[in-house]
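Please read the structure below before turning to the comments.
Letters A, B, C and D name the chains as they come in the text, with residue numbers starting at 1 for each one.
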Amino acid sequence: MGPQIPLEWYLFLAAALFCIGAYGVLSRRNAIAILMGVELMLNAVNINLVAFWRFLEPGGAVGQAFALFVYAVAAAEVAVGLALIIATWRTRETVILEDVDLLKG
Amino acid sequence: MDFLSDLIVNIGLWLQDLLVSIGLPDAWVRIITLAGGAFILALVPLTAMFFLIWYERKIVARIADRLGPNNTGAYGGPYGLFQVLADAVKMFTKEDVIPAAADRWIFNIAPMVFLAIAVVVWAVIPLGKGIVGSDLSIGIFYILSFGSGAMVAILMAGWGSNNKYALLGALRGIATLISYEIPQVLSVTAVVMVAGSFSLVEIVESQNVIFLIGMPLTALLFLLSILAELGRRPLDLVEADSELVAGYFVEYSGMKFGMFYLGEFMNQLMVSILFSTLFLGGWRGPFVDQVPVLGTVWLVVKLLLVMLVIQFFQYSLPRLRIDQILALNWKFLTPLALVNICVIALVGKAVPYDPANPWVQTGALLLANVLMALAVVGILAVAGRQMRRSKLAGSS
Amino acid sequence: MTFQHVLFIVFGAITLGGALMVVTRRNVFNAALFMILSFFGVAGLYVLLEAPFLAGVQLFIYIGGISILIIFAIMLTRDMMNPDLIGRNSQWIAAAVVMVPLCAILIWTVSSHDWAAAPGPVPENSILTLGQALVDQEGLALPFEVASVLLLVALIGAVTIARER
Amino acid sequence: MHNSDLALNLAWFIPLFPFLAFVVIPLVTYRNRKLSHSLVIGAIAIAFLLAQIVFWRAATLPVGGGEHAYESTLIHWLATGEERLMLGIYIDPATAVMLFMVPLVCLMIFIYSVGYMNFGTPEVDPRYSRFFSYLSLFATGMLGMLVFNNLLTFFIFWEIMGTCSYLLIGFWYEKKYPDPNKITPRQAGLKAFIVTKIGDLFFMLGLALLYAEVGSLSYSEIFSHETLEHLAHTPFLGTQWTLATVIALLLFGGTVGKSAQFPLHVWLPDAMEGPTPVSALIHAATMVSAGVFLIVRAFPILQAADASVLAVGSIPFVAFIGALTAFGSSIIAVAQDDVKGVLAFSTISQLGYMVAALGIGAYVAGAFHLITHAFFKALLFLSSGSVIHGMEHGHHHVHEHEHEGHEEHHEEPWFNPNDMMNMGGLAKRMPRTFWAFLIGGLALSGFPIFTAGFWSKDEILAQAWTGNKVVFWALAISAGLTAFYTARQLCLTFAGAPRTEAARHAPESVPSMTTPLLILAVFAVILGWAGIPENLPGIGGIIPNWFHHFVISAIETGGHGEEHALRVAGHLSEASHAFEWAPLLLGMGFGLGGLFVGWLVYGLKPLQAGEMDRVEAGMHIIGLGWFHKAMRNRFYFDWLYDRVFVRTSIWLASFFDAFDYGQPVQKEIDGKVVVVRKHGIVDGLVNLVGRFGRGLSRISDWFDANIVDALVNLAGRAGRTISEVGGILDLRVVDRLVDLTGLGTRALSDLSNVVDLKLVDSAVDGIGDAIRTGGRFIRPIQTGKVQNYLLLASLMVIALVMAFFMILFLQI
């Protein structure tokens, strides 16, 4: 029983998720919330990858593999990002992006 | 007899035909059958609880040189079998207290999430020959990934109840869970490599010789890691009764506490089944081919044994400090698990499995394991001696 | 309206709803929990797409790893909970105003293209194919190695950055 | 041409070593200053040796036969969808001569920096190692830009250099000046970054267009005959312009930004805020030449473009911009007091020279001046740096003397060591620097026969004479001005008696700084002899015009269309055949004349302390003081841009800011003060309307009080003479009326408050935010918030998609 849901649905959903995540990235003030937005965007990307894999070349492995790479990147990004946030917290006592402006010109 | 040969499936088919004959559309039939199956499956552990809790109490009592529940007063019942029922009634009737400063939503949802995760993982466990919720191709991996969801529930409970003991308990619990996930996953990976599949059914079927013989080290790793995951002594950080009162669910009372308690116990049952499935050949045993239902019996016997072992650990060993526990994981179990995987992969490649005489590969694996064990013991001995020497030097 | 449609709608609703809550909740901890919910929905979508392995990975890495990390970070930086410092920045309306047409454009682009997708069945051993592709020198062995190196570097870097001095 | 030549293939490794140094320093050796700078210098030295090998190899290859555009075998670089980009090295004469120049100058400057950053002295720079790693990264950018074989890598390394420029100009980002109008290093850095980015945007669009049209960016393909033919004859989106024209103009936009041509020249003078080696390295010798080198690189496309587009009168656009820049900035330079400021503007004008030369098709002349200028300008900057360094030390020295016996650290009064008015008489204090500066100055002002600057400039002038008379005169006059302000600078700095204590005590710099000066000085002299026109009577034949033969072969045999080869040769042959006396003599005349006048004005009787600048005084006398003021203020370009772009956007920003959010409120949150804005959507609106209304009523009041009363009184007096009653009567009436209007407007304004604040809120809020973000984005003095950039980026995406949609479907 193949998928009865057209590919477009997944793509629409991914687009919506992406935009929501982007909105989060643009509109939140504290760094961790922004990180969450980034995670949502990455998930949207992954939905696209997997959907394309399923609908365009279910026999192959590239789609899934790239989804896995995205996972790796996401993990690395979160690790480093949170480390940075915590370091910033230690030195500047803030997690608000606007307040971190040592190099403000 | 052939009806008995795979009971559940036939019942399912029968039910499906019934619904179709009633004239429901396929989708609904599918939904109903799936929901029903899920419901029945969820009932299995919940009902099993009543007996197993009693079983644990008996063991505890024996270890502590007591009688344990032997007479449940008004409820009667031989050997206090209904003790659990009494406890349940008590829990239901207790007042449900919510701390004033708690984050109500999170506080209330947490136990449900915990219990739900404990139930959900039952979908893929083969309870007998042909008795399995759904034979996922990623079975064991499914269990592991949902198990990691338990962390979220614990965090929710610890955070939601807005109590520093609870939060500490949650954080310590998460620390343990996260770090012990690594040896657990690695040991499972070793099993998967040898069995050649994620699916628990196939893992069981590939155990013509149970894996415990083939790779005792892996089994040991798995056992230790599940001890930590369950929060059983000597590795219990999640609720360290004497330090954190009850850990993350200190604030819970009544049925919510009951849910946590039940959830933990179901996890215990689940991991013992997992252990017996991965290493003891699951439902396999004599005469299963003739009488398939016998498989379930075998499984029950094996899991009772495993639970026995866990109980022995639990009630006869003292607790380790958190730093000791994490050190044990990061400095000993994880490296060992990595080495273990490499060795097993090499041996598995060198000595391929042939169905004619399965003992060949098993023997090779066993040999490799023994060598590894010897090496480990040797290393430990040397390290220990140096440590003692340095201590002496320091003291004198 | 088959069973799959029902599931898709349910999981899609979970995903999008969770995501919306993530970007709108003031309390960051709740936002993180909703993010977990959203991830769960995505995992469900993977199941619908017959990629069970990825669904498992989704749960395992995102819920078991990333979300937990994020929640830890939230707890480590208590300023998160300071009601005056959390919430939206000054450009949120502009962001919303921009995002809506962006979404519209994306959807328009998707729908303007004709996806001649007649998906065949997923082969039984798709996980096997995936695994072999990841270690195949002709295939993705190099990216795989690079990804692992990246993870290692990220690990070390994170430790170095966050270390107490 | 995919042959493999071992010596030339060494070019692969030229950018490698500086990059390694850049990577290693922050990771490993940043604690050890000595190790760090030895690493960098070693790396650039290796690159220098390799570059020399490549250069001589390329120079000794037989001329012609396309041998001069050497392209190595290509390697796969990155996969873009279906096709993979190929990467190789591409050595043609232009590259070769640049390879001769760049690593050498870099090496000199790196060595110099060791002394300049006070290595081994107590006041060594705290970020010493970081400085060197930046320098090294910069060298990577420049070298990588040279050797590789496609415009994409060109762009990438170009951007690397832009980043380094930002980092290095803002290197002393904590520095502040008492004078608020003086731009601080970090502002200068941002300014340079953003202004050049404007140019880079054009460059990138050009690349995109080129790639979309040709499908490749490697030189051998985009400069092939067919491609150029195709580009030269395809209209751009149905307009009159050909693709070649558009692409050439876009690429030229990149040049305008990078090598500070008008109107994007404003960043270069402020870039002098960086450490002097940086000014020498980036903003004189190499990076700004990258802009010119881009034209040299894209010369075939420039030739394929039709020159009439945007031409000013008979002058091609490029040449016009170049000449204008050369002329204007050389005027400005006359009035600068900052020793580096003068050099900065002279750099701009010299770059203008090159651009103008290339604009009229004088390929060889442009390239030649590029090389020579790099040497003597680096020389000039380094020696000026040495002067400044000396001044600072002298200042410290003096200062310590004043505060003998004070243990506690005292705050030094701010002192501008760059101001030439504070110098004078340094020739005795620092002789080596003086001689270096002198030689550099003479080269810059084109002192005849024996300086490099003369020959290159003369070649340009000769070309301009035959090419375009207007350009020629512009360049010639600015040559005179150049000589003049060089003389002025020399005299003000070195001649006469010291005008301050600091100058009196300025010590000569350490050898590690002066040695590079001497080496560069040698090159600043002898390099010109490589390009003496052969047909010059007298010394012409002694040394063959090697440079000309070498470089021109790239044009003739560079492997593109005969048509363009002919067109180019049309320009170039004149240089080598019919010799013209006029440009040579005129050039000499202007150069020497300028020097002589400058010496008359400033050298004959050196300036005394506190005396007014002679030119300024003179212009005041003849009533041109305002003009001199304009010159001193760089013709108000910064002021203009500040008003037009910066202020407006800031104003909009803060206006809508207050408009939506009210004023920021300082709030005390667990011990630390944070700025919290109450989200009052309406009060801004109310204030506005209220202000409007108040304004109205105030006006009417004023009207009422002054004018009307006056009239009324007048009428009253008039009336009084006629009749008491009538006077009083109309006094009353009119007064009442007028008061009534006042009250009416007040009431109206109050009413409008109430109405408006109900109506407009949210829409205004949205627009306000958008514009506010926009303002934040444009203003160079910005908070650098990533989120704003992201927002703008997504806006741009939407805009682009819309544009695409229109072009695609509506055929606009």
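A few comments on the model shown:
Throughout what follows, contacts are C-beta pairs under 8 Å (C-beta built on N, C-alpha and C of every residue); 3 or more make two chains touch, one makes a residue touch a chain.
Bear in mind the structure is a predicted one, so any value in this text is a computation, not a measurement.
With steps allowed only between chains in touch, the distance from chain B over to chain C comes to 1. Closest chain to the protein centre (all Cα atoms averaged), using per-chain Cα means: A. Centroid distances built from C-alpha atoms place D farthest away from chain B.
One finds 6 Å separating the Cα centroids of chain A and chain C.
Here the CA centre of chain A is 39 Å from the CA centre of chain D. Taking each chain's centre as the average of its CA atoms, chain B and chain D sit 69 Å apart.
Centre-to-centre separation between chain C and chain D, using Cα means, comes to 44 Å. Contacts with at least two other chains are made by residues 674, 787, 791, 794 of chain D. In chain C, the residues that touch at least two other chains are 2, 53, 57-58, 65, 72, 85, 89, 91-92, 95, 98-99, 102. Under the touch rule stated earlier, the contacting chain pairs are A-C, A-D, B-C, C-D. Listing the residues of chain B that touch chain C in their complex gives 26-27, 30-31, 103, 105-106, 136-138, 141-142, 144-146, 148-149, 151-152, 155-156, 159, 167, 171, 174, 178, 181, 198. Against chain D, the residues of chain A that register as touching in their complex are 22, 25-27, 34, 93, 97-99, 101, 103-105.
Those residues of chain C that touch chain A in the complex are listed here as 2, 4-5, 8, 12, 15-16, 19-20, 22-23, 28, 31-32, 35, 38-39, 42, 45-46, 48-51, 53-54, 57-58, 61-62, 65-66, 69-70, 72-74, 76-77, 79-80, 85-89, 91-92, 95-96, 98-100, 102-103, 106-107, 110-111, 115, 117, 119-123, 126, 129-130, 132-134, 139-140, 143-144, 147-148, 150-151, 153-155, 157-159, 161-162, 164.
By the touch criterion stated above, chain D contacts chain C in their complex at residues 661, 667, 669-670, 674, 676-677, 762, 765-766, 769-770, 772-773, 787-788, 791, 794-795, 797-798, 801.
Interface residues of chain C, counted against chain B in their complex, comprise 1-3, 6, 29-30, 33, 36, 52-53, 56-60, 63-65, 67-68, 71-72, 75, 124, 127.
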